[in-house]
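Note that the chains take the letters A, B, C and D in the order they are written out, and that residue 1 is the start of every chain.
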Amino acid sequence: MCGIVGITDAGGVSFPIYYALYALQHRGQESAGITTFDGMNLYKHKAQGLVAEVFDAGILDELKGNSGVGHVRYPTTGAKIPENIQPFYFTFKNRKFAIAHNGNLTNTWQLKEEYESRGQIFCTTTDTEIIGNIIADELTHSSSIQDAVLACMKKLEGSYSVALLVDDTIYAFRDPLGIRPLCFGKLNDGYIVCSESVAIDALNGEFLRDVRPGELIKINSEGITCTQVAESSGYSHCIFEYIYFARADSVIDGKLVYNVRRRIGQSLHLEAPVKSDIISPVPDSGIAHATGYSESSGIPYREGLIKNRYIGRTFIMPDQKARENAVRIKLNPVKGHIENKSVVLVDDSIVRGTTARRIIDIVRDAGAKEIHMRVGSPPIKAPCYLGVDMATRKELIASTRSQEEVCKHIGATSLHHVSIDSLIKATGLPPEDLCIGCLTGTYPIKIGEEKACPRCITYKSGTYQSALKEFD
Amino acid sequence: MCGIVGITDAGGVSFPIYYALYALQHRGQESAGITTFDGMNLYKHKAQGLVAEVFDAGILDELKGNSGVGHVRYPTTGAKIPENIQPFYFTFKNRKFAIAHNGNLTNTWQLKEEYESRGQIFCTTTDTEIIGNIIADELTHSSSIQDAVLACMKKLEGSYSVALLVDDTIYAFRDPLGIRPLCFGKLNDGYIVCSESVAIDALNGEFLRDVRPGELIKINSEGITCTQVAESSGYSHCIFEYIYFARADSVIDGKLVYNVRRRIGQSLHLEAPVKSDIISPVPDSGIAHATGYSESSGIPYREGLIKNRYIGRTFIMPDQKARENAVRIKLNPVKGHIENKSVVLVDDSIVRGTTARRIIDIVRDAGAKEIHMRVGSPPIKAPCYLGVDMATRKELIASTRSQEEVCKHIGATSLHHVSIDSLIKATGLPPEDLCIGCLTGTYPIKIGEEKACPRCITYKSGTYQSALKEFD
Amino acid sequence: MCGIVGITDAGGVSFPIYYALYALQHRGQESAGITTFDGMNLYKHKAQGLVAEVFDAGILDELKGNSGVGHVRYPTTGAKIPENIQPFYFTFKNRKFAIAHNGNLTNTWQLKEEYESRGQIFCTTTDTEIIGNIIADELTHSSSIQDAVLACMKKLEGSYSVALLVDDTIYAFRDPLGIRPLCFGKLNDGYIVCSESVAIDALNGEFLRDVRPGELIKINSEGITCTQVAESSGYSHCIFEYIYFARADSVIDGKLVYNVRRRIGQSLHLEAPVKSDIISPVPDSGIAHATGYSESSGIPYREGLIKNRYIGRTFIMPDQKARENAVRIKLNPVKGHIENKSVVLVDDSIVRGTTARRIIDIVRDAGAKEIHMRVGSPPIKAPCYLGVDMATRKELIASTRSQEEVCKHIGATSLHHVSIDSLIKATGLPPEDLCIGCLTGTYPIKIGEEKACPRCITYKSGTYQSALKEFD
Amino acid sequence: MCGIVGITDAGGVSFPIYYALYALQHRGQESAGITTFDGMNLYKHKAQGLVAEVFDAGILDELKGNSGVGHVRYPTTGAKIPENIQPFYFTFKNRKFAIAHNGNLTNTWQLKEEYESRGQIFCTTTDTEIIGNIIADELTHSSSIQDAVLACMKKLEGSYSVALLVDDTIYAFRDPLGIRPLCFGKLNDGYIVCSESVAIDALNGEFLRDVRPGELIKINSEGITCTQVAESSGYSHCIFEYIYFARADSVIDGKLVYNVRRRIGQSLHLEAPVKSDIISPVPDSGIAHATGYSESSGIPYREGLIKNRYIGRTFIMPDQKARENAVRIKLNPVKGHIENKSVVLVDDSIVRGTTARRIIDIVRDAGAKEIHMRVGSPPIKAPCYLGVDMATRKELIASTRSQEEVCKHIGATSLHHVSIDSLIKATGLPPEDLCIGCLTGTYPIKIGEEKACPRCITYKSGTYQSALKEFD
């Protein structure tokens, strides 16, 4: 998962992109990058680390120009390779290009093979470079970026929200299923396109609307034009953006994420009520869901766990033998809220179950009589091939275990996952507009029985082998 | 304000001190330091920055030994001077000393003069060095550290919680008024003394009790001994520890801070009820108070502002002309929760009023119909001379303005501060056990008309001139 | 100018490459990089800075494998672009490539155009990437790297010494004119190919011989094979390697550089004897020449200027108004050697004349009666298109001024440049084996009236416009 | 060994001190510091590392004021303790002090005991702090810094050259034996006092004269005054300053160091002539001596070893098993100068013999027929108690071995040390004006049978136990 942004502004773009990326930091903490264009040159800076670590005022001052793109990247194994940090930039026929991409192509391997057969070399191991290649290739027989983007979209399979800088113009486009979010807004003296609306808020801009599936947005100093370049049979919003990934204060495709989560919390109460003393979130991911449960049940919302806010990238976690202490150092139980109490603990999801078990241990040690776990997503049973880096199937605790087994494994008094129906209802979207592949194993794109990629990922359902970092 | 910790443990102390300081990080983000003793040598490391920035595993590995002290320091102008970073260490007659101090002496100036008249030079501009000097001076005619500490306490005026390392032994003592917190607990293979109980929690230790005013705790490999060395006429707990400074999950002198704040929130509702749509905290400082208000009123608790969690020390804040955006980048209004709503906004305190005004601006821009500000402390009318770095008197918005004027200044629909009576009641402590000098101008220690110190602080009430950073 | 190295060694190559690059550090101080291969993956690290700054033991430990290439880069404007730091690496049909290149192609522009017309994008602005492109393109219709290298050499024009890593094998080749040096040797458990013999010395290896113009050396765990792949009509050794660029203790194409320089010094004496008190080098570049002059003349060699050895990359040079002090801080005159003396000052070359003038000022200020400047190269009259980053033609002091004018400009009592004839004789090589284009404007390769490159360099003689850093 | 500087200049002093310290960098590479005063405050910065690493332009800009002192420190174990880095600063009775000290007191232990008995604590383990203590103590009964310095000098034993900043005035004084160098000069708009004349040269200042033994120099905005405060029975110049420590281009107490070394080289030839092919220095320490030998003998001076100039503090030396390669990586033999030749190798001194042996190995491996070692100092037989950190007596190769045994140990064909008589003659100074304790074991100050200091150094001759770094 990643966050992207593209901005044109007559007053310079490096600082606005910085603040926008900062607002999108939750979409990727592994690395960050900005590329700008000043009419002559590309200026670029990217490195591992948080936005606030990668950039300083001196660096931003040197990123000159009135158009640019930025990117934050989710921690994956691949990202440790510095050349993979985005934006990806290149030159072609005296034009400067930079690409920021969020999503996951499912036919990268075939595309690379096709271009290598023509002598093309690859400097990175990212999907992003192949997008650049296809566009350049199209431009050898057409000078229209728009045509090239359309031709490119015809070749790409999978999810992609892209901000493409070509000299002083930003071309932003979203895959025909609209899997990953992308929206745009008006700034003081320009425009912004970005993964989530919170980036527009951070710049005090005016949210205009979401980019439509298959749509191409072109922004530069002359203004903005929107073209439906690819046919789209409708949305397949990623359900996990609503459950966990997006910021609660984002509005994605018309829905305030916080409200979706609060409604999920309400459903959790209605589906599995329990007589308890307090409703406590697992901070921060379960807060919105927990307020919903509390409102619906009338049981007081009270923080049973306080999160230490100073954990940084360089914090030294306790080693193996003291691993159980690791969670304790991040989350401190509030004994006075928990002791001799029946506690409903609300979190957004359970992936491997390890963290859930440790948190429940802590809450029990602090004296809770009962711990009722309520989870804001149905059991996750299948991997995501479209951009969320979940565990492999065999590590997904719900892929092979019943709810009772999971409850026992994590040590809860009771466990309830929200139902798929209630979840869909909470989004307020029609079921056919959602991708819920991770819950059902059925995806909006044909995946599986594909040719195996020897490098990193085998796209065969059931044997998915990811080198990507897990997030449980 | 600062946080201190002293640990003896047969298994080494650098990592435990690191985790304890991390739990106390909220008490000081400017600098951090650890000094340990291994039977032969002092090992020491201290620098500007957060605990996680100042130390890494390699540094902690080199801080050898089974006893040590640590310190985190609140950002003050003085702390930019590297020699002022604590612990302060020195040698005296072949013994190694290290001191970590939280508090503020009110007779530093007179003490320095006395010692300088005997030829003593000062390497720092801290209170801490003078404590070291007094103890060393006493040790010239007695070899008992306990006697030296008692003699020292007789000379010191003001607030001080101290962890003193003398070779392999930690001597911890608290001023006779018990102004700053200090408690101790049992670890696996040793003992811990620290500013707040959360540091004991972080190490999965057993909280024993608070250090009493005027008490001296001695811990080393032989165990722990407690001696009432100085007479105490009773407690003068700093009220601001309960209002703002301490962590909500700390238990200070028997009171869970979270509950004190929640009860303040309840009083806020009872004292100044308002018919509104939602109760929203100003995150994070108003959360506990807001849950109390919500519970008491039955009006839903809903986050109207979402805090970006990735602000770090190196984050570049927008410059002057865009200063109003600074708050927006840290706090994003959740329009869907606020628009066309009547909002009760709860925060812990108002110092200068600048931040409050900006937050209210944001909430109004997001469409709130009414904004009722509820504040968890009475108006702050006087400076603190005992360790909390508030603004100078003339900058305290409530020192010269009525509540109505403040309400107008910050732009709220209505404003209510909790009353002193309700505040005291919320702590559950007798009024005489609290220092509420910042609310009344009456302190438990005589201050004012003192000889002026030309260096940093004039201890004359009404003309208090602090070089210290303000925290509004 | 740059330095390259390729090593295969059964005991790991990162540390040997590090020491070899360190021995070649004089060939490039701007950036450094190493890429290794361990049978599966490429490991790579590169950054701006000196070899000792770019790498540490931890980084070298992670550069696994028994084959690898390394590069040091001369400071040029282009190198501030991080993606231009070498080695350049890419993947092609599941094979891993890394290229380290020393030299300058003269037909880069045409080659880029050719490949762009087929849809190829360029990630860097280096010559090196085009070499990779050509080789990959050739490999689409042949699986022989050797054939691909030969086809590549047929396309390239200009100077190039290349170390190409393809999986576990190093292919090293030198342009058919042998302009830049390249040699190879035997290590304990492998082989090394490198720019200068001093890198072999540093590893205590056995020098085998120079790579021949047009020759391809292949080294891997199976040993070494040498193939004359391209026709060569003979050598065109760069004269400036002997005059200045190479280390004095290198043996290039059979000649010890120190001796070449010493013989130049002898010729300087024979061509322009002068009755003086001491012979002093300009350190360090004039030392070898000065010892030759001293031996030939019998006048004592004495250091009239002492160089401060601690100048590092971060040293702050005095600013503009005190610029004349800059040289003084690096070079201190030894008054006792100079005062009231007639001094012969020997340096290797004069490019712009600025430094020479400042040094002569210092020596005169220190009391020298006469200052006779003797220069180890003939006047530099034309730019180098083949890899030495000299000033542009109009900045070359000798391009438009007579020797008398230069002498007056720099303020010397007398000035003499070694003659071209003596210089050639000093090398011990036949005149036809040398490229002396910078002295005559006549190059071994057709340059000029080429299509203009809008990006960085116009290859039109007389209008050469370089963005490259000057080294006077 | 260390370097010190004090500057007053109406145009600001931080940059001049920086350049002066840079010129004195050879006297200490372990750490560096500058303290300045602007009429109100002390500004200070100090850290481990070279001058160019410790400071940057931003830091120097913040070191405000027109008077200041600076220090560079020789690598010793003690210096790893950050508080020991100089200048040492303190406040006393509202005055600001900073001290930079070069030398070694021999009665530190007794002085510390005396002051501790009065309750004085010590923040560092340096001699420097005790100097500050004594001066402060004297100022309790006199307001004259001059009187305090005189009283201080009466208490101190050993060697000391001190630059003391008291508010805006610099007091510089030298011990009554003048063991360590100290001189002063005139700058554009102020004065400089410094360890060696090269620092004056670097600022293009005018050398005035050396500070006399027992003399006190006072400089501030009003000018300079010189007072002979302590009686002096004459000089005891450290002979090792001339042999090795000082820069060749320094003039110390009237003697150009380069010429002293050249004359030593001439004596080496006259005392031990040998028919050889070349005279080669061990760079850089033997260069001046070697030119003297070459001139006297008429045998050509030729560099047989080339030193790699890029060794920095972060360079990774080969590990133990490859230790013999360590010297090779720093010093490359010039085979063409050595092979089948008889070589006279000239160095300044032999301490442990390890380095000499490795260098001779390298030269022999490069094919030298004969290697005649000529050494610019007599055998070092005793430790230095007065500021040069030599090896302990038992590690001094010459303390227990005859010249023949040393020759055999290092593997030379022949070995000759210059005689004490010739050495003294080369300095041009009367024998009684030199401290040659390290050559004879007889010191100008009573040392030995002193009370043992348990901390670092036992001042008993023959059992000297130093924790200090060796420099062979």
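Methods note: contacts are C-beta pairs under 8 Å (C-beta built on N, C-alpha and C of every residue); 3 or more make two chains touch, one makes a residue touch a chain.
The chain list, named the UniProt way, goes like this: A, B, C, D = Amidophosphoribosyltransferase.
Everything numeric in this text was worked out from a predicted model, so none of it was measured.
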item: Chain-contact steps, minimal, separating chain C from chain B; value: 2
item: Identity of the chain that, by mean CA position, is farthest from chain D; value: A
item: Whole-Å gap separating chain A and chain D, where each centre is the average of the chain's CA atoms; value: 61
item: CA centroid of chain B to CA centroid of chain D, Å; value: 48
item: Between chain C and chain D, centroid-to-centroid distance (C-alpha), Å; value: 37
item: Pairs of chains found to touch, sorted by chain label; value: A-B, A-C, B-D, C-D
item: Residue ranges of chain D touching chain B (in the complex, touch as defined); value: 83, 89-94, 97, 116-123, 125, 132-133, 136-137, 139-140, 454-455
item: Complex interface listing, chain D residues touching chain C; value: 15, 18-19, 22-23, 25-26, 29, 50-53, 55-57, 60, 198, 201-204, 247-249, 251, 256, 258-259, 262, 284, 287-288, 291, 294-295, 300-303, 306, 308-312, 314-316, 318, 325, 328-329, 332-337
